[in-house]
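Next up: the structures, one after another.
In the two assemblies presented below, chain A is common to both, partnered first by chain B and then by chain C.
Our next item is the complex of A and B:
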């Protein structure tokens, strides 16, 4: 782990006990987040993106969920060994999270300002006056046209986009080093989506924080991230710089994801979808977990496939060479 | 504090912008009342016991009683009212659209006012016995609107003072029960797992216990006092609240804003106190109002059975009991306190129904 690494996840495995058996929602996942970078995590619903994010903050509901193995090292400490009390100091202070649903992520009975104040007071040990100043400042930073009014508004008085801005203000109020954004724009209008992404970008630069951008939308990754982790069925299937992964995808799943994006240039043609479904986490196939849906699958795919470095700093969990990736 | 401003906007009739002085005066009163309530709880309780309360203490305590009702019935409206004035106006309109509820509220407030101002409006001393030969069992007339009982006491005055016992016991018991039930329910629902299981089995057990029997036994065993009645009513009445709040908390704790709060590093106690309980207040108020009606009835049963408040302190149940032997000859002895019971209970239930509709609470 070098000094540029902010968060390093090693062999993280999380499972959920279900009626059908133990489901490994996250299986041996490793990746790291550098200081100040935006790392995109993409994949279909149910591939383990959100569980990974929740695991970082140790928020996996237990029971039925459990972190079975692995290390989550943040600034040199393994978060999985911390006590609850210490963990609470990390949450919201060092590592913040924003959620998919801005409409329901704020407590309806308190004003927005009060809720941001609360976060500031909780972590920064400042008085109410100071906290409110910080709140107003944060609301201003997230592009609220009239912070004092917004601070005195209840969540139901604000639009979805404005609520997400309030959530961002709250998440960033303690100047975290890492922001986990779990599908932050999925529930918003397209026009608002772009604004929010831009806002996150500018705040990231301003505060020098790292962002873990979890999304199912490759477009969002292309727009915001420097590096990307592609997840499938609880595993990392491809990691690399955004340019490399987009231009020279190293895994058939990534190619499939790209092809299922609607594009103007393909007008009139039928949109390609990846056939089949994500396998049941309680019963993964042996070898490559994508092979049932993969157009290139061969007998060899039933054997275990490891993540390999197909090109410098570009890893893939497929033994085949796709289009050759140029070294940076 | 935030609470101040919430109250401020409610008091001027739910219309913001009436000027800061109205708000300031109202909030000052609110805190004065709240302070007095805490300081003078005992004096307030004394009201139920002695027909003639001690001057200042009684008046102060009476005011405190008013606040209790105000705080309990109006708080959820206040919270949202501060938001915009629109939500409160909307809820208020929905409540007012429910005509029976408005009638109920008026009747209820009337009873409340009567009980608080009893010494001022009662035409006679409720417990002084006059010459039985002359005054006994007089039918309703101009001098005794509701007639007199076998000791020549004025029934109207006794019904007025009896309101103190019925409403007072009801309010105290319902407050205690609500508090206990909310805390147990919220803690149990949030903790989940074994704690939750254990707490709910205790609730099941207590619910299975015949309440009236327990009341009768306890009252028979211990020195009869109004406090015992309140305590027993509260201790046997919190389980319903606990279940209701637990169910609500089970839903709320999975909600996004609670998860967001946890992700923000908020501790467990604060989650329950700041994020869960305030969001159940609508349910609590509605349930408390409906339960209040039931407690008035229960207190009447007890008094009827001679186990409630002891004579000469007037209570509605006891008065109905007194008149049972002369029901045909002197119907007024039982009828008027009986009507008072019916009136208070129906009024409470109507208010509860109205609040339920206005606050959009689903009741199990």
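Our next item is the complex of A and C:
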């Protein structure tokens, strides 16, 4: 771990007990987040991206979930060995998180201001008055046109975009070093999505924090992230710089994802959809988990496939060589 | 059902000055205190065999417009001609007969299927109601429809919860097509699905459109999907259509500032091409309190003084390209 590494996840494995058996939602996942960077984590629903994020904050509901193995080292300490009390000092203070649905993640019976104050008072050891000043300042920073009014409003009185801004203000009120953004714009309209992405970008630069951007939208990653982790069926299948992954995708799943996006340049042609569906997490196939849907699958894919460095700082979990050049 | 025998330029659907206001009731006697103008004076033509994309943000009235056209919601005023038949003046049996000709595919594949019915009986229901087939022929037709949408026919005795989201959407599509409609409204049919499944469903809709010669009104907030699928695009903002044109024309020569912002907000898949995004300030105003003048003026980067007071009309600026903006029309 060098000094530029903020968070390093090694061989993280999480499982959930379900009626169908034990589902390995996250299986041997390793990646790191550098200081100040935006790392995109993409994948479809059920690929384990949200569970990974919750594991970092130790928020996996247990039971039925469990962190089985692995290390999550943040600034030199393994978060998985901390006591709950110590973990609470990190949560919301050093590492904070914003969620997809701002309505359900804000408490409807408290004002927005109160909820932001709470975080500040808890972590910064300041009085109510000082906390409120900080709250107003944060609301101003996230682009609220009238912070004092917003602070006294209840979540239902605000629009979806404004609620997400309140969430961001709350998450950033203690100046975290790492912000985990779980599908922060998915529930928002296109024009509001643009506003929120712009805001996150400018706040990241201003505070020098790192952002873990979890999304299913390759466009959001292309736009905001410097590096990207592609997840499929609980595993990391590709990691690399955004330019490399988008222009020379190394894993057939990444290629499939790119090609299945409908856009004007494909007009009149059939979309190259990925056939079939994501395997059941309680019953993954042996070897490469994508092989049932992969157009390039061959016999050796049934054996275990490891993540390998196929090009400098570009890793893929596939035997095939990277495509030499590919325009997205 | 033979698309070859149809005149491609014939207008199938004619919407004229359609309005649908929802009253806001408040207070002791539930008096009407105002209206939510969900659809406010929309006119739109849809030609036979055409795919018209209807785009706009949530709350702009696109779903209300579609449901009013199909008379699932009664209109406040205006008219709709479907193949020359005035939809709003029909009653009882006549209306039911017309319903066979237009159908809707809903957004939520979880909420729109009855959990207590098997997939087979759900698709058989409209076939029986409209007396399209009887006895054993019903089952045959159901099997055929399931096959067409890519669900093995032997699954017809299963219940919706046994299927994935993408498969449920396929079942919803099969049910809509069961009565052999000519016109189908697809209300955000892929929005709740994963990207790879979205592509499968879009391919399916395209295949079915060609096979059955369907006419589509495709409602979505995803401009990428619209550009890919639609022949023509109508952009809605706060209950009004602000721009309509052929897809290539619209994307090649965007006129309305709102459409410009929408298109600039499509995320590019090329990380090196950092786009010039137009970020609109503010939120979409509530349709219960539509700003005076041009409804877009509070967020418009090009607003002029008279935009605040005078309402622009939807005018043909170039052949086939209509826009509702003062930048493109002289002031009266």
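Heads up, the rule we're going with is that the second predicted complex is superposed on the first by the 323 of 328 C-alpha atoms of A that agree within 3 Å, B and C clash if a C-alpha of one lies under 4 Å from a C-alpha of the other, contacts with A are read in each partner's own complex, and residues count from 1 in each chain.
Here is the rule we go by: a contact is a pair of C-beta atoms (placed from the backbone, for glycine too) under 8 Å apart; a residue touches a chain by one contact, two chains touch by 3 or more.
Keep in mind that what you see is a predicted model, and the values were worked out from it rather than measured.
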item	value
Combined model on chain A: chain C and chain B, fit or clash	fit
Dominant toucher of chain A (residue count), chain B or chain C	C
Touched partner set for A:261, first chain B, second chain C, both or neither	second
Partner chain in contact with A:77 - chain B first, chain C second, else both or neither	neither
Which of chain B and chain C A:192 touches, first, second, both or neither	second
First, second, both or neither for A:286, with chain B first and chain C second	neither
A:123 touches, of chain B and chain C: first, second, both or neither?	first
Computed vertex angle (chain A) for partners chain B and chain C, CA, steps of 10°	80
Chain B versus chain C as contact partner of A:62, first or second or both or neither	neither
Touched partner set for A:18, first chain B, second chain C, both or neither	neither
Touching partner for A:101 - first (chain B), second (chain C), both, neither	first
Chain B and chain C, minimum CA distance [Å, superposed model]	6
Common interface residues of chain A - those touching chain B in one complex and chain C in the other	none
Residue ranges of chain A in contact with chain B within the complex	57, 59, 63, 88-93, 96-97, 99, 101, 104-111, 114, 118-119, 122-123, 153-154, 156-157, 167, 170-171
Of all residues in chain C, those that touch chain A in their complex	57-58, 164, 166, 194-200, 202-203, 206, 221-225, 227-229, 247, 251, 261-262, 264-272, 274-275, 277-281, 283-284
Chain B to chain A touching residues, read off their complex	2, 79-80, 82-84, 87, 193, 255-257, 259-267, 274-275, 278-279, 281
Complex interface listing, chain A residues touching chain C	44-45, 159, 161-162, 189-195, 198, 216-220, 222-223, 242-243, 246, 256-264, 266-267, 270-275, 277-278, 327-328
